[in-house]
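Chain nomenclature is as follows: A, B, C and D, assigned in order of appearance, with residue numbering initiated at 1 for each chain independently.
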C-alpha cells in the first residue's frame, strides 16, 4: 500500500470524533442554541479512558469483547475502502461482501453485549438494531450492485476508485441516486435522525444508545469512538460516489476528503434539525425507499 | 475406491459390534468408536485426495440384477459430499454415544448406534453410486434408517406424527425417483449413470420432464420450500445427534441429487435455472422468517436448514443460468459456492444441533423462552455454539462467510454480465436480506439461551456437559474456523467441483475466485482481532473494575421475568412479515408470544388428506357385505367386457 | 413320473388324513405335513435341474411359467408347514383332519394347476383349490367365518363357472385345429383359431379367474375372507391361490399373444389393473385391520400383475418377477400377522399398540414387511414394480405410470399409518391377571419361516440367481414380452 | 331325434322360468331335479350316434344333477327345518319378467354369435338363458339355499354350452367337472346348514357383519 493511503487512514482516524460534533453543532446553531463544542467528543474520550469500569454481575466475556470487536472490524473495513479515492490498502474480488460482513460482525458483537446484561431495555435496543439492519444491509448491497454495474468491477477499490470517475459522464443519474441512498443508509446505520435521536434521554425511544447503557469507562470510550468512526466510514462511501478524486494529486485528494467529510457532517446536522424522528414501524419503509432508489439506479444501468 | 468400500464396511462393522456387545456397553461402545473412526478415516482419505485433484478408478460389479452393472465411483462431486458425510457423521456418532449413554437402561441404545452406522454407510454409498439401482437402494436405506432413528423416542405422540410425515414424504420422493430413472432410461436396459448420460441431450418435453421431476424429488429430500413441510417436524423429533446428522447431511443428499442430475444431464434450459433460483430465494427468506418465529430451539435450527438449502439453491440456480446463457465463469462459481456451502452448513449446523442437544440435556427443556444465562453455567458449550452461530450467519472469518462470498461472486458476476442473467443481481440482494435476518435470529438464540439471566426458574441446576459431549463440538467449531481462515486451501477444491458440474460448459476454464487475497483478509482480520483483544487486556490491566447489578434505568432490579424474551425480540421483524408467513401473535396481560403454523403442512396437505379420507369412507359403502352387491359387480364386469367385445369386434 | 408324484402324493395323503380316524379331534399330523411339504419341494427342485417329459398325453407338463408358479407354491407351503408346528401348539384347530387334509388337498390342486397344459384340467384344478380352501376358511365355525366362507364360496364359484364357460368358448374357437384345449396345440395353431370366440374366451377367462385372483371389481370377497380365515390360510390364499389364478389368465394370454390379438387384450388388462390399483388405494386409506389391509394390498398387487401383462415388453418380465416377490412377501406378512393374532387375539389397530415392545421380532419383521410390500428398495418388489413403471413409460403410457405411482403413494400412506401405528408407541397396560406386556413368548417356529421369506425377498432385490432369471425371461417371452 | 332334443331344451327353459316363479323351496328343488333329468337326456339325444361316452355322461349327469344334489338339498331343508317360503328380494312376477327378458336377450345374442355347425341350434341360446336365469336367482333370492339352487342353474347353463363341445372335452374331464360341482354344492350345503344353526334362518342377507 502506498503512503497516501496510510496518511488517508490516519486522517480518518484523527478526524472521526469531530464529525458527530460538527453534526451536533450545526443542529444546535440551526435551532438557535449554542450547543456543545465541536471537539467535545475528544474530551469525553480522554476522560473515559482515564477511568476504571463497572461491570454488571450478569455479564460474561462477551460483554467485554464487544468494544474491541466493534473497533477492529471497523478498522479492517476501512482498509477495504479507497479512502484516498484511488486504491484501497487491501482489495480482492467481492470484498464488498467482506465490507458488509465486517459491519455485520461488529453489530453481532455489540448486540450480544447488550443482551449479555440481561436488561430488558438493552434487549429492546438490540431487537430494534437488528430489525433496522435487516433492511439496511440489502439496501447497502443494492447500492454496491449499482456501482458494480456502473464500473464493472467487483471490488470496492474499483467501484469507488478510478473507474467511477470515468463513469460519471455517462452514468451520472444512477450515481447520484446511489449517493443519496447511501446517505440515507449513513443516517440509519449510525442511528441518526430520522431513524434514531442520539440526543434523546428517554431509554424507551433509544436504539444505539440503549444497547451500550451498561458500558462504562474505557469500554464506553471505545464504543463512542467506534460509532464516530463508523459514521466517518459511511461518509467516505458517500464521498467516494459524489466526489471521485482519482485524478487529483495526493494533497488535493486528502484535502477534499477532509472537507468532504465536514460537508457530510454538516448535511447530517441539517437533516437532524429539519426532520423529526420517525416512528419505529416506519423505519423499514424509509430503508426500503433507499433500496428502491438504488434499485432504480441499477435498472438504469441494465442492458 | 477400495478404501471407500473398506470404510463403509468398517462403519457397518462398528454398528454390528455395538449390537453384538450390547450386554457389555462399555466394551461395545469402545469398539464402535474405534471401528467407526477407522472407517471414516479410510473413506475420507480418498475423498480428500480426489478433492486435491487426484482421480480414482471406478468399481464395477458384474450385473447381478437386471438393468446393467453396479458401478461405484468417486469424482470431485462425490468426494466433497463423501467428506461431509464422514466428517460430520463421525462427530454425530461420537456425540451420540455419550448422549444416549444415560438411556441404556430403558432403550435399545445399541440398536440406535447400529442404525446410525447404517445411515452413515448408506449416505456414503449414495454419493458414490454410479448406477440407478445401487443409488436407489442406498437412497432408500438411508431414508428408512433415518426414519427409524427419528422415531427412537416413539412413546411421544408428536414424535410418531413427525416420523409418519417424514416417512411418507421420503417415500413419495423415492417413487418420483422411480419415475425419474424410468423416463430417463427409456427402453434401454443399462441404467448405469454413464449410460444415462449418453442419452442426453433430450429432445422435446422429455428433458423438461426429467428436470422437473428431479427438482421435486430431490427438493423433497433437501427440504426446499414448498417441500419443507416434513423437515422441522422430523428434525425436532429426533434425538440431538440424529437431528444434527439429518439437518447437516441427510437433506444434502437432495442437493447432491440435483448436482449429479446436472452432471449427467448437461446444459439445462434457462427456465430451470430461474426456477431453482426462485426456489432458493423463497426457501432462504421464508426459512429464516419462520425460524424467527420459533421458540423450540430444534425447530428453529431446522428452519435454518431450510434457509441454508435456499442459499445453496441460489448457488445452483446461478450456476445453471451460467450454463444456460453461456457464462462458464458464473456456472463454475455458482456450483462451487453451492458445494462449499453444503460442506460448511453441514459443519456448523451439526455443531449447533449438538450444542442445542447439550442444552436440552442439561436443562430438560427446548423452550428458549424459559432459558438464559447458560454461558456462565456451560462455558464450553456456549463458546462453541457462538462460533457456530457466527458461522451460520456468514460472518468473517468463519466458513459460512467464505461459501456465501463465492455464491455472491457468482450472482454479482451475473449482474455485471450482459442480458437477462443480470437479474441474478436481485438474488444477491435477497441473499443479503437472508444474511441480515439470520443474524437477527441467531442474536436472538445466543442472547436468549446463553446470555442474560434465566427467564424461568429451572427444576434442575444446569451443569456443563461432560467432555465426551464437548469434544465433538470443539472439533466441529475448529473445522468451521479452519475453513474460514484459509479459503485459499478449500476454494480451489470447490472450484474443481464447480467446473465438474458445469461440465462441457466450463471447458477447462481456469477460475480464480481471488481466494489468495481473501485469505490475506480473513487471516488479517483474525490476527487483528487477537491483537486488539491482547492490547485491550494489556491496557486494561491494573485499572479498577467494579461489579454491580445491571443498570436498569432507575427501575427496581430486573427480575428474570422482566428479561427480554425471544418472542419479544423477534416481534418487530415478524410484524413486517406476519401477512404472508402464517405467524400469529398472542398478547396477554403479562406475556407476549408468537405462534407459527406451517402454511404448506397445516394449510394444504393435512386438509387434503382429511378430504381424501372422507371421500374414501364414502366410496366404501360398496363393501357393506351384501352378497348380491358382490355378485352384481361380477356381473357388471362381464357385461362391460362383453360391450368391449362388441366394440372391438366392430373395429378389429 | 415325478409329475404324477407331485400331485398324487399330497392328494393321497389328504385322503388318508381325511379318512383315518386317528386324526379326529384337534391333533394335527404336523410331521406328515412337514414330510410331504419337504418331499414336494425336493421334487420341484429336481425339476429345475433335470428336465422331464409330459404325462397323460401332454395334459401335465412343465414350462417356465408353470415351474415358477409350482416353485412358489412349494416354497410357501413348506414355510407354512413349519409355521404350523408352532401355531398348533398355541392354538390347535377345531378339527385336525380337516385342517391338515384341506391343506394337503390344496397343495395337490395347486400343483395340478401349475402343471396343467390342458385348459380343462387347469380349470378342474382351479376349482379344486377353491373347494380345498373353503373348509380352512371355515375352521373357526363362528358367525364371521361362516359369512366369510359363504361369500368366498358363492362369489368364486360364480367366477370359476364363468371361467368354465370361457374354456368352452376356447374349445369352440379351436374348432378342429390341433388337439382340443391342449396348450401347445392352441399356441401352435393360434392363427387358425376363430378370433371372435378367442376374444370371448379371453374375456370370460379373465373375469372368471380374475374373480379368484381378486381383481377389482370382482375383489369384494377378498377382504372378508382374508380377514376371517386363519392368518396362515390367508397367507396361502394370497400367496398361492392368487398365483394359480393368475397362471390361468397367463395361459390364455399366451394363446391370445400367439394369435396376434395382444392389441385386443391389452386395454382390458390395463383397465382391470388400473381399476384394481385405484380400488386398493381407496380402500386402504384409514383401514383399521391388518388382515383386511393386506387383502387390499393383495388387490393392488394383482392389479400390478395384470398391468405388467397388459403393458407387455419388459412389463411381462416385471410381472413374472412380481409374481414371485408378491407371493413370498404376502406369505411373510400374513404369517407375522398370525403371530400378532396369537398374542393379542386380533390384528386390529384397536387391540394393538407398541408391538415393538411386546413382540420385538414380529414387529420388526412387520415393519420391514411394510417397506417390502410397498416396493421400497432393496426388496424384490421394488425391482418388479420399478420394471413395470419402466414398461409403462417405455410403452408410451406416461399417464399409466403416473396413476400407478400415485396409487402406490396413497397405498403406502394407508399401510404405514396402520402398521407403524400398531408397532410404535407404548403397549396398552395389561389387564390385571393377564401376562404383562413383553411377556409374550415368540416361539422360533413362528418366526423362522417369515425370516426365511424375508431373506429371499431381500435377496431378489439385489441378486437374481441365473436360472431364475432365465426362467422368468423365458416365461416373459411366452407371454409375448421380453427380458430386461 | 332333433325335435326331441328341441322339446327337451324348451322344457329346460320352462323349468328355469318355473323355478323363478315358485314361492316354495320344495317345488324349487323339484324343478331343479327335473332340469337335471332333462340335462341328463340331452347328451344321448344330440349325440350323432349312441356312444359309450354319451351314455355314461348322461348317466353321470342324471345321478349328480337329478338325484344326489336335489336329495341333498332337500335333506338340508329338512335338517334346517326352516320356513318353506322363498323370500325374494325382487318379487316373483318381476323376476319372471327378468327371466323372460333374459331368454329374449339370450336368443338375440346367440343369433349374432359366429356359431360353428352345431348338432342342435337351440343349444347355445338355451344355455345362455339358463346361465342368466341362474344368475338372477343367485342375486335376487334371500335364502342361502335358494342361492345354491341359483348357482346350480348357472352351472347347468354352462353344462349346456359344454355339450356343444362334447367331442373336444374328454370324458374324464367331464367327470372332473361334475365332481367339482358336486363337492362344491356339498360344501355349500354344509355351510348353509351351519348358517342356519348360527342364525336360526337361511337368510343370507343377514350375513353383513364383515364391512370396512
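Going forward, a residue touches a chain if its C-beta (ideal position, glycine included) is under 8 Å from a C-beta of that chain, and two chains touch if they have at least 3 such contacts.
Since we're looking at a predicted model, the values are computed, not measured.
Considering the contact criterion stated above, the chains in touch with chain B and with chain C alike are D. Considering every other chain in turn, the ones in contact with both chain B and chain D prove to be C.
Top contact pair of chains, counted by C-beta pairs, is A-B. Separating the CA-averaged centres of chain A and chain D is a span of 101 Å. Spacing of chain A relative to chain C, judged by their CA centroids, is 78 angstrom. Taking each chain's centre as the average of its CA atoms, chain A and chain B sit 36 Å apart. The geometric centre of chain C is 31 Å away from that of chain D, both derived from CA atoms.
Multi-chain contact residues of chain C (touching two or more other chains): 147, 150-151, 154, 158, 196, 223-224, 283.
Multi-chain contact residues of chain B (touching two or more other chains) are listed as 620, 623, 625, 627, 631. Under the touch rule stated earlier, the contacting chain pairs are A-B, B-C, B-D, C-D. By the touch rule above, chain D contacts chain B in their complex via residues 89, 135, 138-140, 147, 204-205, 207-212. Every residue of chain C that touches chain B in the complex is listed here, in rising order: 147, 150-151, 154-155, 158-159, 162, 195-196, 199-200, 203-204, 206-207, 210-211, 217-218, 220-221, 223-224, 264, 267-268, 282-283, 285-286, 313-314, 317, 356, 371, 374, 376-378, 382-383, 385-387, 389-390, 392-394, 398, 401-402, 405, 408-410, 412-413, 416-417, 420-421, 424-426, 461-464, 469, 483-484.
By the touch criterion given at the top, residues 118, 120-121, 123-124, 127-128, 130-131, 134-135, 138, 141-144, 146-151, 153-154, 157-158, 161, 164-165, 168, 171-172, 174-175, 180-181, 194, 196-197, 223-224, 227-228, 283, 287, 292 of chain C touch chain D in their complex.
Taken in their complex, chain B has these residues touching chain A: 372-373, 375-376, 386, 390, 393-396, 401, 404-405, 408-409, 412-413, 415-416, 418-419, 422, 425, 428-430, 432-433, 435-437, 439-440, 443-444, 446-448, 451-453, 513-514, 516-518, 520-521, 524-525, 528-529, 532-533, 536, 539-540, 543-553, 558, 562-564, 568-573, 575-576.
On chain D, the positions that touch chain C within their shared complex are 113-116, 131, 135, 138, 144, 147, 151, 154-155, 158, 161-162, 164-165, 167-170, 173, 176-177, 180, 183-184, 187-188, 191, 194-195, 198-199, 204, 207-210, 212.
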